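Multiple structures are listed underneath, in structure tokens.
Shared between the two complexes below is subunit A, which has subunit B as its partner in the first and subunit C in the second.
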Partner chain A sequence: MAKMNDFLGQVLATRGGERVMDCYQCGTCSGSCPVFTEMKYGPRQIMHMIHLGLEDKVLPSPDIWYCVSCYSCASRCPRGIEIADVMAALRSLALQKGFTQDKEAKLCRAFAETVRQHGRSFEPELLARYYARTLDLPGLLRQIPLGLKMLYKGKLPLLPKHVENTRAWRKIFAPAEGKEKETEC
Partner chain B sequence: MTYAYYPGCTQESGSKEYDLSLRLVCERLGIELRELEDWNCCGAVHTSVTDPLLAMTLPARNLALAEEQGMTEIVTPCSGCYKNFRTASKAIQADPALRQEVNDAIPGYTLKGDVTVKHPLYVIVNDYGLERLEVSRPLKGLRVACYYGCVLTRPRDEFDSPEKPQAMDRLMQALGAEPVPYPAKTKCCGGAVLLSHTHIAVDLTGKVLLAAKEAGADCVTLACPMCHVALDLYQSRVERALGTRLDLPILYFTQLMALALGVERHRLGFKRHIVSPAPLLERLGF
Partner chain C sequence: MVDAARHPNIKILSYAEVQRVDGYIGNFKVKVLQKPRYVLEDRCNGCGLCAPVCPIEVPNEFEEGIAPRRAIYVPQPQAVPLIYTIDMDNCIECYKCVDACGSLHAIDFSQKPEEIDLDVGTIIVATGFDIFDPTPIEEYGYGQYDNVLTAIELERLHNSAGPTVGRLTRPSDGQIPRRVAFVQCVGSRDSRYHEYCSGFCCMYTIKNALVLKGMYPDMEITIFYIDIRAPAKSYEEFYQRARNEGIRFIQGRPAQVTEDPDTRNLIIEAEDRNLGEVIDLEAEMVVLSTAAVPRQGADTLGQVLTIPRDPSGFYMEYHPKLRPIDTPTEGVFLAGAAQGPKDIPASVAQGSGAAARAGRIMAVDKWEIEPIVAYVWEDRCINATGKKCGICTTKCPYNAITVEPGQAAHVIPAICHGCGACVAECPHNAITQMHFTDAQIIAQMHALLAETPEEKVLALMCHWCSFGGADTAGTSHFEYPATSRGIRVMCSARMDRDFIFEAFRLGAGMVLASGCHQQDCHYITGQQHAAKRFDKLASALEKMGISPERFRIEWISAAEGDKYARVITEMDRTLKELGVERIKAENEQTREKLAKRLRRWREVPEVAEVLGGGDDGQDE
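Presenting the complex of A and B:
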């Protein structure tokens, strides 16, 4: 019982998750979700599982990583719950608790590391960090024709751009490093 | 009319043609865009997953820079950056404790929180006004599918309806083009999971492209670099998945606007597109 309440409490403490208890299970979110057919539960059931404190089902679920953050659910929710933000909060909690296997989880970390490094995104480094983490060789091979097209059209930068003072910049990221649990792979 | 301009990372690489055409349009209209000095990445949808506070601090540093540089309104052309900026800005304005937390986390900057965040589409349609546009080369005979995607109008943007947005359609009409009705204009392209769950993005993008094609559109116009990657760069993957040829050029609304305002075609980066718009532009006489 204590564990169930813990999980609900953790979600209630997130930005966007404050109002999960307002959900009355109408299902507008799942009906509006463009990736519902890919999901095992969909947003409505996930909201319910949060109420029930089913952390062990919610955090390992691939559903939270399939969410495309399109906010169809949030903009239609009759209770005004920021459901897409709840999904983002669940992804953060999943990372913190070591659920780092999903390819999107690895992309999030690769993206954050790249941005932390330069202050700007830099696609070649992002791709390198992402494929180094996923070791997704078939995916990488399929990416090559598109990469070549981008290169040919001048859409891939060759050198990164930086904020002026990268040392000061990286301090913004400092608290994040301690918070994350390094138990991946 | 002067705005701080936050280009966003892709405007210097993948979507340079959006940046070029936006700057040219604004120059024609007398809208001054002052690029923010020393701007940083807004974090997209990915960074804040590693630490939720980054969803506030990364946009906040840019907003603080805009304040420091004496600006009260900031314009950003990427729907993703636009969403991150306005979410952070509203949250920080509404909650003094959060503002303090954010200011503590971005040492060297103090955000007051009085910068208004705008997307250039709504600057042009609302602040400038369609009735003031001087269209020298109307886009006669162009059937265009206006694609809003997800976070340009969601969640709950005050400038347009998230269900039936109109601004791009009204703009295209004002330019002499014919916007076609089709059911996917607010559907998501799946850009957020383009790398990690490509099959989802290909499926969602396919639905948008197919709906536009079936409605008889000559091209799709849009206002987001990420949607452009999905609809233009990944169009060949979508065609393979659907087993049908689409050949739909994907143009930024600013490119079409610049053409109609008399900017020469060669200045607008059309050669950078993967699906070539050249046959369409020639047919239209550009």
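Presenting the complex of A and C:
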């Protein structure tokens, strides 16, 4: 086995990350990715940067948060790499290592907390949690026209709805909470 | 091919299948099934008057189904031999062909399959390859979109002898496409289908691109590739020529191909790696460079000829570097893509090589083999007493041993390669290997462990790899403790469990069993037999009272001199950590138990003689 940098070793140890060394940079993943245009690097370059151990580029990158887990990359990857799972593992690593300051990470955490609370998303709370984290008052104000529109069309509930069986829901969340406070979203 | 047909010493049996091969180098007996053509070979002159009158049309296999053929047909106009065949699955027996044939009377509907027995000295396997069917790769749309073709279909479409007389047309509308895209590595270099690189697709794609450019200079041609592989003579120059002639190369494997339902054009989505951008390229035709795959039926033929296949399914050569044309069955050789994907120059070279390898044998009356073959003591073989055994045949990687009920096992020396797997596995010690007999190996052990055995590391090595590894350690001046003593056998498969027991009974401090890595084994499955045999040996030894770390198994290649030195150094360290006193005590305590294990061996007079004397004379 070739000498590995620490970061590559950490990725190899994650679930789904076992085969990142197999990547031969064909670009099928980036070509398949529906959010590639939003990304800074795209999955192919992320793989390459993992090989090179460029942790300080990979973990703060917005790409890992933009991944929508559609799995197009993984199902087409000719090397059998679970790319979407690698992205999830990278998010997890990013949180563990304190890369929580990006607005993408903050949105994810706000979303996770909202869902943990009610078992489903509740937009007003999500917004409150997100903007409380980012302290982006102008940003929040910019959302108001859209919010009013949604309210008018009945798309914005004023009170949260809970899932019916909250106990079962908590059970699903429990292992993740127990394992690590700083979980991925 | 025409020359071959005319040669006085070459007989071509086409439309025939090899059913069975018996015998050995110089003396093969081959059973061939000649399928009925319903056309008499000695009468048909290939005039072709029969085909046009045939009312049946079915897809022509040679034209990849693009054109029809009749039920009475030749595969292609240049076929050798040029004899027509009636495809009985589709023939309606209207006998119009019989009338057309007229006074030649070449058509005979009463023909039956015929078995032909051949005596041959050598066999060359040149069964070629098949083309991967890209239908399962749904994202490329082959089979869904008419204008997505395989490279072999394109080959027929631009061939002047092909169904369109060399005019490249789109299947959907018959128009000449102005924009054509090629996609490389379809089904190859892909862990979902075939891991290997097919090797020649880069070159035939560049060739096809240049051919199209020559025919239609205004055509926009794009090749999507991962890596261009152009390593052989003049290939790189050919690739450069294609770039100079304006063929576009885009590095990036397409993610998907979709069709515009109105124009039937195709949209290729891919990341252009060098731009770092995802592009949508519209093409009027997409050509997939599909993998070369093992020939259908390669497994059956491999069993008939006792030649193994590699993990990708192609026939395995005897040795990848030193004997790339030979097979593990002496007298059987490989030529062309049956061994692995190959282009024309490489296939021709290997074919010439195979002919020369076979000619070497055909030119002499007697063929010498290594004298290290297995030998059965018939009076000791349990199978001769009427009990069913036959363990030896199941262990032989070459099918060199035959066992008939009530008779002793029989080794065919010309097939035996001398690995010794049967010798080590025979529960009745009824087989030995010439020049590597049990008695000889035990005698070596006794000599090496005559003095202070508890301070020694005894290494059993296979000839090809670990012995070579020890040699490399020496020539490279890798240092390792002088306490090691080595014994060489041909294969780790020869290493009898009893050798280990005997070594510990003699008081050896440490014992190493070593051989080739599994994929390097020079006797196909020899290493696997050894690995299985030694798998639980350490725990068996532990039950008897020997510390399990005193027995070690290592697979060491001939290049791994450093590994050999490291393993011996580590074992010596373990020996010192355990301490000579503890080892002596363990040996004292287990000697009798080990001697009991070796009781059956003692029934072999030759072995008993070497084992005898000293404290091991008494068993019970």
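General remarks:
We take it that the second predicted complex is superposed on the first by the 139 of 185 C-alpha atoms of A that agree within 3 Å, B and C clash if a C-alpha of one lies under 4 Å from a C-alpha of the other, contacts with A are read in each partner's own complex, and residues count from 1 in each chain.
Note that in this section a residue touches a chain if its C-beta (ideal position, glycine included) is under 8 Å from a C-beta of that chain, and two chains touch if they have at least 3 such contacts.
Please read all numbers here as calculations on a predicted model, not as lab measurements.
Of the two partner chains placed by the overlay, neither subunit B nor subunit C lies in contact with A:A128. Subunit A is touched at more residues by one of its partners, and among subunit B and subunit C that partner is B.
When both complexes are overlaid on chain A, the residue A:Q25 reaches subunit C alone and has no touch with subunit B. In the superposed model, A:L151 makes contact with neither subunit B nor subunit C.
Of the two partner chains placed by the overlay, only subunit C lies in contact with A:R79; subunit B stays clear of it. Judged by the touch definition given at the top, the superposed model places A:G42 against subunit C, while subunit B stays out of reach. Residue contacts after overlaying the shared chain place A:A13 against neither subunit B nor subunit C.
Common to the subunit B-facing and subunit C-facing surfaces of subunit A are residues 72. By the touch criterion given at the top, residues 22, 24-33, 36-37, 42, 44-45, 72, 76, 78-80 of subunit A touch subunit C in their complex. Chain contact summary for the complex, subunit C toward subunit A: residues 139, 185, 189-192, 226-227, 251-256, 269-273, 276, 278. Residue ranges of subunit B in contact with subunit A, taken from their complex: 9-10, 12-14, 16, 38-41, 43-58, 61, 83, 91, 105-108, 149-151, 153-156, 162-163, 187-188, 190-193, 195-198, 200-201, 204, 233-234, 237, 271-274. Subunit A makes touch with subunit B in their complex at residues 14-15, 34-35, 38, 65-66, 68-72, 74-75, 82, 84, 88-89, 91-92, 95, 102-109, 111-112, 115, 119-123, 127, 130, 139, 142-143, 146, 149-150, 153-157, 161, 163-164, 168-169, 171-173, 175-176, 179-180.
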